[in-house]
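Please see the structure below; I have some questions.
We call the chains A, B, C and D, going by the order they appear; numbering starts again at 1 in every chain.
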Amino acid sequence: MKLGFSTGDELFRQECADWLNGQMSGEFKDIKGITKLTASPERRKEWEQRLGEARWGCIGWPIEWGGRGATLGQQVIFAEEYARAGVPGRVNHIGVELAGPTILAFGTPEQKQRFLPSIAKGMTIFCQGFSEPNAGSDLAGVRTAARLEGGEWVVNGQKIWTSLAHIADWIFVLSRSEKGSSGPNGLTFLMMELRQPGIEVRGIKQINGDSEFNETFFTDARCPADSLIGAAGDGWRIAMGLLAFERGVSTLGQQMGFRNELDEIIRAAKENGAARSPLIRQRIAKAEIGLRLMRYGALRMLSNADHSKIDGAALTYKIQWASWRRGLGELAMDVLGQAGEVTDTNDYEWAALPNLFLFSRADTIYGGTNQIQRNLIAERGLGMPREPRGDA
Amino acid sequence: MEFAFTSEQKMIAETARVFFTENATRERTRQAMACDGVDYALWASFCQELGFSAIGIPENLGGAGLGLVEMAIIAEAAGAQVAAFPMFGSLVLCAQAIAAGGGAGQREDLLPRLMSGETIAAYGHAATLVDDGNGLSGEAAFVAHGASARIFVVTGNNGAWIVKADAPGVSIAQLTTMDQTRPYARVVLSGVVGEPLAQPGKAIAAAQRAGFVAIAAEALGGAQACLDRTVAYARERIQFGRSIGSFQAYKHRLADMMIEIEQARSAVYWAACATDEGAVDAELAAHAAKSFAADTYFMCAGNMIQLHGGIGFTWEHDAHLFFKRARALQSMLGNGDWHREQVAAMIFGEMA
Amino acid sequence: MKLGFSTGDELFRQECADWLNGQMSGEFKDIKGITKLTASPERRKEWEQRLGEARWGCIGWPIEWGGRGATLGQQVIFAEEYARAGVPGRVNHIGVELAGPTILAFGTPEQKQRFLPSIAKGMTIFCQGFSEPNAGSDLAGVRTAARLEGGEWVVNGQKIWTSLAHIADWIFVLSRSEKGSSGPNGLTFLMMELRQPGIEVRGIKQINGDSEFNETFFTDARCPADSLIGAAGDGWRIAMGLLAFERGVSTLGQQMGFRNELDEIIRAAKENGAARSPLIRQRIAKAEIGLRLMRYGALRMLSNADHSKIDGAALTYKIQWASWRRGLGELAMDVLGQAGEVTDTNDYEWAALPNLFLFSRADTIYGGTNQIQRNLIAERGLGMPREPRGDA
Amino acid sequence: MEFAFTSEQKMIAETARVFFTENATRERTRQAMACDGVDYALWASFCQELGFSAIGIPENLGGAGLGLVEMAIIAEAAGAQVAAFPMFGSLVLCAQAIAAGGGAGQREDLLPRLMSGETIAAYGHAATLVDDGNGLSGEAAFVAHGASARIFVVTGNNGAWIVKADAPGVSIAQLTTMDQTRPYARVVLSGVVGEPLAQPGKAIAAAQRAGFVAIAAEALGGAQACLDRTVAYARERIQFGRSIGSFQAYKHRLADMMIEIEQARSAVYWAACATDEGAVDAELAAHAAKSFAADTYFMCAGNMIQLHGGIGFTWEHDAHLFFKRARALQSMLGNGDWHREQVAAMIFGEMA
């Protein structure tokens, strides 16, 4: 058991930091420090391409597909340095962390050739179409219909919470391809071009006044017959595999973002005197401890070589960070006091901490609500009986 | 045992409920949110047609002769709809301050105008407020509905004054506020001629007393509305092929909301009643009610979002109105930690 | 809406206080301040009889049955003064608050004559036999069997958590009288003499080293055929009615006990300096507020004339006090520090506050666990679907 | 990424698990609880047969040359069985203090005796301890397994000493203790001749460091055992005609336990590893681990009682052993609030 990184790793860390800091103090200075998902989309697409050119886009991928075949340790280091340098979040994180790995695992050689290099170069931006208005956390309740017609899939239905759909080029869609099927059967996984007449994207305005999420409507939207990943009807298995990719190295980068948020709270508490309150001090200490434990939980998760055993750290990670961050938003407001409830802008645009308070209410909902997470933990982690589905 | 509404109080509660449900609609509230957070039509009919604006003011001052219990009933009903109107600043804080601490002339001049709704007043506190002979100077930072007010009651550490919004030296900046149904303004005074209230101590005490109880009552109404609306949603929403309300995790969260709300209800009417009766524990009750009910509201509004899933954090859905109001009530007039510290000081006999 | 009591009520309060204080400084001085349920059982039986003689035993009952026909307000006052005077808890509280009211509501004229005056006089002590080892919170799972044989009920089975069974004269037993019946059907409610060869009572030693609760074993235990309350098979309805009596005036007396516990914590905090900790101060303030809210909740409950509407204050009361008191136990220990973890006795006997810490773990379990309470609140109070029974 | 047990560490963990499961049985533990909280047979075989008693002591002092990670592994396994033996006082606190701060003679004399189990040592702190020339005087209030010890390490605000239990002026009173598997004693010194440790600062720092981590590890083991035993119970218990584990409220509480335990596990091995590696955040990690893991244990033990229903608060059931140990670990060597306050001071840069 070891925590420290090797000398080689530390050299690699310096290399990452140098390159990233160079970019952020040079050509991409204008996007440094952006935290909102929706800000400066065009410049951030250019940033994806710059990452791709320099082969920093998908360092964990095999070299043949545009990656560097980096070790886990190196991926961790890159994610940390990325966040430390104040680089904004990846607008193609779905392509890099979900679509790419799925294609790597389940795609045909042609699909790999078609998509992987292009994702790695930052030329193809992906978004995901999973949730539907009447099937929030319940993917098996998907109704969006796909039928094969004249060598094409024709898709009709509606997806919701399709984050980044207003930026993306492609969407992968979980659709019901067997008429009359229900539950997890008869689902198919399709990759579709987003910019086509049959697809309309509408922003969903949220509690914080911003629109990170979208609704996406499919009206006789089309894609070629070979756009499916895996076999027809195999969508459930793919979707489940894909969700499994959601945990991993990127969590450490995410945590660096959390670190920045907590540091800003600590700064604010020092400035306005809240740091003198023993009650606030306890809460800040708890937040600090929680964040550290996320880090070491993630390291345990990444160090776990025995994938046959259920990894408790991985299984509990989503609810842990989501609950932690929601609490952080409340702490932020309690540190700021009423000053956190007003903004200098005219447009209901919020500084980082009040925005954290508002947006973090979504953290415990998307990607599986806290309630769903507890079901999963109890069922997969502890072998408790599964929650029965109704037949309504 | 008469710790229950009288039939007259029941009638007031029902009338108020119907009034706010019919008038403080989501469409009208959202229109008000886009401007200064005042639904002027609501305000006019509340003051002039319904006749509840005089509640809490003694009859000899032209009021309705009813007490804090009745005021709490109204605030509860308004809170249930997150009504966008300036009752809290104008009728609760300012009118109570003037009624309790104003001179005869001030009462006669101002109270009728406030009760009719003709004049909106707002209440601001500025610890640094001084009258150095050249007028009042200082800054009140978070004045609820301050940009809609024609007069202010401003309080400092050694006095309370009436200040006209259009008096020379007054500058008012409306602030973009998280709770758009009750936006704050920053009110800066530089050498302003104010009219001192005759008994500032009494005025401030009365405003606080009423303010704590009204906030608590509003929070109670809001919390109950969060529960009611979530229960209604639970009845119709199907997930995993089952009514979502059939999931025990869901049910138990609703139960937890009800458990807190029932206590908040006891707190609000204990505080209101104890104040009206001049009971020895009235002050403790007001601190208890303010802190407990505001926390209950925040908990319920947070749960409302969570239990609605994705739709719950959209702008379109009303959940965020409750959530933001709940947050505002937590931090107004002292946060929960401060109120509980007052209670602790009383418990340990550290206060007179 | 009114909180204050009338002048007449205040005079009555004085009368209660005078009499109770007289007893506690006189003949019953030796039992003043006892908090343990199990202490001085014989003296406390004598105390029940003294209450009965002076007609203070069941003041809310009709005059003809030994009560005073006292108003609710008077009952509240008596309960408060009872606790304030440091009088130990009633060893016949089951007779006074459960058995008596049940017989009043469902008993025959003969049963009323037989039991009510005797309970009111403190001559007949009752305990209850509801729970069973395999049916903790699930009364419908009762297995204790009763069969009618030669003009007598013959009872076999086992009850658990029969508090006060080592003191009581009578037990009321929920039994299964229809062979092969299951769930809430086929249950019968019997009143049995406890001291008979077929009944054996064994104490259950608890976490705090004491034995407030018992197991009671029935081996061909007998009672006359007319010992049933209501009709045969009607036991479920009676049991449910009986549980409804569990809330009421006595809660206010119970709260005076809580008051004493909280006051002792406040005293300890002042003495050992914990009162200077802002964290402890917050928790004590919360406890104080919670206790006050229980009081005003109980007053709302008692003031509620409209019994057709579900009374939210009543429905949430059990979980409220139980959770509050469990938290109080934790607060007590945090105020005391390590000093709370040792006792001067050699026999694992605990002072009031550490005992509170240990015993209060039971508060959220007996009389319906917190989980059962939340079911009831959601189902009865909010109309949510009922939890399905399995068929295992 | 090597933040996982090596194969040697896995072997130690498995050996320890088997050892404590087989030896620290409920029957033997209850026998020890009725006396001085020491299962002497367990103690002897732990020290002499298993050979883990030298863990945490450097090889040049006769130890096993393994570090806090290995010590945490052992403490975790012992905690899972609420083992009644004096490892914590004797091997963690005292041996670490002597190894880090004792003179050469003290190490050579005492460490072998402690590691062999022949001598039990206990560790006490007395803020008021003074050596006024006539010997040491003062009182250490809560000395774990103090009545079973032959020697003490006692620390005051300006020193640390070895004191023999049978030295003139030492009086030891065993106290009836809530956690009977680790009873406290009150040790009063009146003019006792003690032998000062050569480097008291180092000794105290080492004892604390190891103590915080060992408590955290023990808490982790205990918490996991509470979860494991409750999961086993959930599998067999039927209520309302259903497996009780099929109730979502029940499942979710188990899930909540697991969520905390996984974090506690990260905390314990972060703190152990950071200390072994001399990382800059080692001290913060130790405070974090002690407070977080002890709170986790208490939460899990409380849930264990609750989820077992009535049987859970009987003396006969083992739940109370876990519950009482959890409480003891919360208050030992500084409660959670204190440890978090240390973390806050580090965050705000108030410490050197």
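A few comments on the model shown:
Keep this in mind: contacts are C-beta pairs under 8 Å (C-beta built on N, C-alpha and C of every residue); 3 or more make two chains touch, one makes a residue touch a chain.
If you want to know which protein each chain is, UniProt gives these names: A, C = Acyl-CoA dehydrogenase FadE; B, D = Acyl-CoA dehydrogenase.
Here the structure is a predicted model, which is why all the values come from computation and not from measurement.
When you average the Cα atoms of each chain and compare centres, the chain farthest from chain C (Acyl-CoA dehydrogenase FadE) turns out to be A. Simply put, of B-C and A-B, more C-beta pairs touch at B-C. Measuring from the averaged C-alpha position of chain C (Acyl-CoA dehydrogenase FadE) to that of chain D (Acyl-CoA dehydrogenase) gives a distance of 40 Å.
Work out the mean CA point of chain B (Acyl-CoA dehydrogenase) and of chain D (Acyl-CoA dehydrogenase), and you get 52 Å between them. Residue numbers of chain A (Acyl-CoA dehydrogenase FadE) whose C-beta contacts span two or more other chains: 277-279, 282, 371, 374, 387. Shown for chain D (Acyl-CoA dehydrogenase) are the residues in touch with two or more other chains, namely 243, 246-250, 252, 337. Across the complex, chain C (Acyl-CoA dehydrogenase FadE) meets chain A (Acyl-CoA dehydrogenase FadE) through its residues 277-279, 282.
Taken together, the chain C (Acyl-CoA dehydrogenase FadE) residues at the contact with chain D (Acyl-CoA dehydrogenase) in this complex read 131, 133-138, 140-141, 160-161, 204-207, 209, 213, 277, 279, 333-334, 337-348, 350, 354, 357-358, 361-362, 364-366, 369-371, 374, 387-392. If you check the complex, the residues on chain D (Acyl-CoA dehydrogenase) that touch chain B (Acyl-CoA dehydrogenase) are 247-249, 252. Residues of chain B (Acyl-CoA dehydrogenase) that touch chain C (Acyl-CoA dehydrogenase FadE) in their complex: 1-6, 9, 69, 227, 231, 234-235, 243, 245-246, 248, 250-252, 254-256, 258-259, 261-263, 265-267, 269-270, 273-274, 277, 279, 281, 284-285, 288, 291-292, 337, 340-341, 343-344, 347-348.
By the touch criterion stated above, chain B (Acyl-CoA dehydrogenase) contacts chain A (Acyl-CoA dehydrogenase FadE) in their complex at residues 141-142, 175-180, 184, 238-243, 246-247, 249-250, 302, 305-306, 309-310, 312-316, 319-320, 323, 327-328, 331-332, 335, 337.
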